[in-house]
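Next come two complexes built around chain A: one with chain B, the other with chain C.
Now for the complex of A and B:
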């Protein structure tokens, strides 16, 4: 039985922003909804929380249909992007208010607040007001407010997007640790694919209100189902090239490669023209030779441990990875070798993946 | 920089003298005898110093009763405005109900009508209700104010929606959310309205003067005006009475000024 299930959920405001969404999460699974701005992630999460009505379809938590339930009766707790802490209450009051409203035994409340404060290292701040805390501390208070409710499902809507990069990385690790400890189902919304990759058991990529692909991070990385997922997951972005097959030769504007006999069967049903995808990490600098692309280095993006070359040739732009010590200077003419074994192929019309691997 | 400061202090000093001057003169006059009040040139220190004006007011006139009347009326009007305006403002800012835009514009519209225009219709209405010469006439029509509602509405529009959503997930209903989360955020607005409404009602003269005829029902300003003679005025008595009117206002301001100044200098939550 799924812990959370969206069944053909549709949401229409003026236009349809979530379209027949089907998604399920196992008990204890960490599901990340990722997609570009405005694709309907927050709306989906808010429907699960009960903050937004469902136009069509149904949402289930455990074996209950919660579609029409009030948020407080759904067994969910939510962490908001702007934290939504009550400014006039202390940290302790912020964390405990939900329990007081539910009229829990005061001893139980004290115990839950104390244990949450310990886990989140908030003990020193319990009597402070949110205005006196840093962004990271406020974020922890917001998490504390969720934890003490002991919910079935945790909901996060871009909880880290107001923090600086270092704090974000640190809190990502804390959230992972927390999840391992609580073993509860988590729905987490972000537009940051790095966050999605590092946190998720399962990623659901959304675009324009539709789920594009659902799967473990590495599956999405290795076998994106369509061009959108391929371009969205992985940084820098995958390179895309128009390609065609001439017998067993793969031709693009900047290079031609012979397909090894062992792989030939994969290409039997290919259309003549299609889109080829290749990640920067599967392209490297090489000496001039058969199958390489002669390009001009335009810019070098230094990342410390590795570098990315932005190259151009005949109106085609390619980003390739290289060792920092191998980085050419701008304007230099270089050769790139593409790793055919890691190519992705997409239909030029439908943008769907061509080889199901 | 220092010259700018000097100029600033000079201007502030002039302004303070202009506002404080009449007050100090009244205060001093209230301790003077009737001859000393009209003596020329006027003096600031009352000589001879007398408390007779105050004892006269308290013993010969129902001054404490008038003060009580004023306090009750201003108190009811203030408390009612602070809460009712807040509730109406919140409803207009956040609740979705049919006709809320129209209702809002009607409320705003009432602010455009000059007060003088409604004096006669309101008076006729109150007299038909049989409320003339009653507390009801001085409180019930003044329990809310369009401007107060507008002020709260604008404030509540600026409160992030996620706060209410968090409250909802915390299990609070609309009333709990309003009283536990939303209203405490509006403290500066509440304080500002408390001061305005209290002052307005406390100093109000026109309506009580028109509606009250029994001397025991008088509010302070009406009572005070009743012994401004037709041919001459006992300024020392009037000024002692004025001190009764002013003192509670000063107290209210001292209590609320912290919030009030906050309310004027900051508009939103942060």
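Now for the complex of A and C:
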């Protein structure tokens, strides 16, 4: 019943911050809105919650047009970035206030609060005030306040951004687990693409008020529709190189590769100059030879299980993955091999993907 | 070397503080202690040396002085009337000018203006408004209420002055409440919206409890202010608390005793009684608010 749909939603303050946004979520789907700071994620979510008016277009939850409804009538619950707990109320009162004003049966309220407290491991803190809790505990209270309302749609606005890395990872798993239990639609805003990749059924990448691409995490990773999505999803960021085709030879400033005959048809409609994208994971160290790029190692970024080499040559910077034991020392001259099968191609002018695969 | 520097810093700090310390001692602490001292004397203005130590007589006499008791009663009545009304209006005004209404800056300034206006000017304006042919009577005449000489009527003079007090000081407390309101994060209200609280419930469950400390502060300041009221009463009643002592307040009576009857010892004793009353009330209010904190 609770599919969510944005139909050509536009929001204008002084300027347009959300531009003709079309987005839908199936019932029970976990949708993550991701994008750089200021791109309009929060604004979109707040329009869905009813905290912000819609300038143009409409928003639907289930089969209801909720565009003009009061937040409380939309069947949504929201978890805020700064938690927005009531500082003067205890954890229990914080969680139950929304039910009390709805005049629910007290026995029902007690039961719902108890079950939420159990799921979120808040039982010990029920009589504490928010000021006496840690960030992670407050975040759980905020989630508890959402859960007891048994909403059709959950909204999260960067709920983990005030927490340290360890807690974030832990709560990420808890949120996934909660979602699996409740099977409710979730809209989740973050600017952290790792969070987006790990949580989402569907990711919607936004930039400057426009949806760039919507799809499952791996689809966005493998087939980014444009250069922005390509650079935003995946870490470290994808490398981009200016490239050109000379017959069946792919030429860049730092290497040339012959395109295998089997793939030749893909390049028939290419412009002469275009942008080539290659993820660090698709570049490896190799012995000198045809098709490799001679580069100078600039810096090694150790991540434990793997290392990332930052290399330069002729004004081109490349980040490549390598095994920690293979890491060169800074300044060393090395060779890199690029995996042509995993290349992405973008139009240099429009930044759109060139081969639809 | 280091020791010298620490000492030099202390000396510098002390020198910076000296002017204000001196002022406080000369004009506040000194007179207070001296007043305390002479409250046990039958003080002689002309020849202070001839003052007679009479111990508690001044204090004992207060309790059989009808004027003092009337003044105390009037002041208490005044305070009881003004404080709650003033606080309620200040709170409501603050809530209003804190919301997203048009021209809120104008209203903020308008409500605050009386506070910064000279009390003499305000008093004169109200005397004119309250006069037999003034605007108050004019407005009441529409309801068929006969004209009253507000300030010269023993039943109405004090309430009229109470209304004046509310009008002049409410802006000040509105600003304090406004500061408190702006401390409350916007997202708390958004959470309340999603929780389905209506306007009244938001006020009752969120705004009001979160402003508890502000309310306490306003209550204390307002109580002290009303117990110390002097200027408007002095101007409007020409310093004698008339008609028939119906607007006699404690401070006005202190002034009268000190500078009209030149009975400094007696006036000082009254000042200390007033101090004790205000002190007691403040403690009582603290206890009341403190207890609520526990609950």
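Throughout what follows, the second predicted complex is superposed on the first by the 355 of 357 C-alpha atoms of A that agree within 3 Å, B and C clash if a C-alpha of one lies under 4 Å from a C-alpha of the other, contacts with A are read in each partner's own complex, and residues count from 1 in each chain.
We take it that a contact is a pair of C-beta atoms (placed from the backbone, for glycine too) under 8 Å apart; a residue touches a chain by one contact, two chains touch by 3 or more.
Predicted model, so just to flag it, every value in this text is computed and none were measured.
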Ask   = Is this a clash or a fit when chain B and chain C both end up on chain A?
value = clash
Inquiry  = Output check: A:51 vs chain B and chain C. Expected answer is one of first, second, both, neither. What do you get?
reply    = both
Request  = Examine A:101 and indicate which partner it touches, taking first as chain B and second as chain C; both and neither are also allowed.
outcome  = both
Query = In the superposed arrangement, which partner chain does A:131 touch: chain B (first), chain C (second), both, or neither?
reply = first
Task = Considering only touches as defined above, state whether A:236 meets chain B (first), chain C (second), both or neither.
result = neither
Query = What part of chain A is shared between its chain B contacts and its chain C contacts?
reply = 49, 51, 70-72, 76-78, 80, 82, 84-88, 97-98, 101-102, 145
Ask   = In their shared complex, at which residues does chain C touch chain A?
value = 185, 187-188, 190-198, 201, 205-206, 209-210, 212
Message = Applying the document's contact rule, which stretches of chain A touch chain C when the two form their complex?
response = 49-51, 70-72, 76-78, 80, 82, 84-88, 97-98, 101-102, 145, 149
Key: chain A residues within the chain B interface of the complex   = 49, 51, 70-72, 76-78, 80-82, 84-88, 97-98, 101-102, 131, 145
Request  = In the complex, go through chain B and note every residue touching chain A.
outcome  = 160, 162-163, 165-172, 176, 180-181, 184-185, 187, 269-270
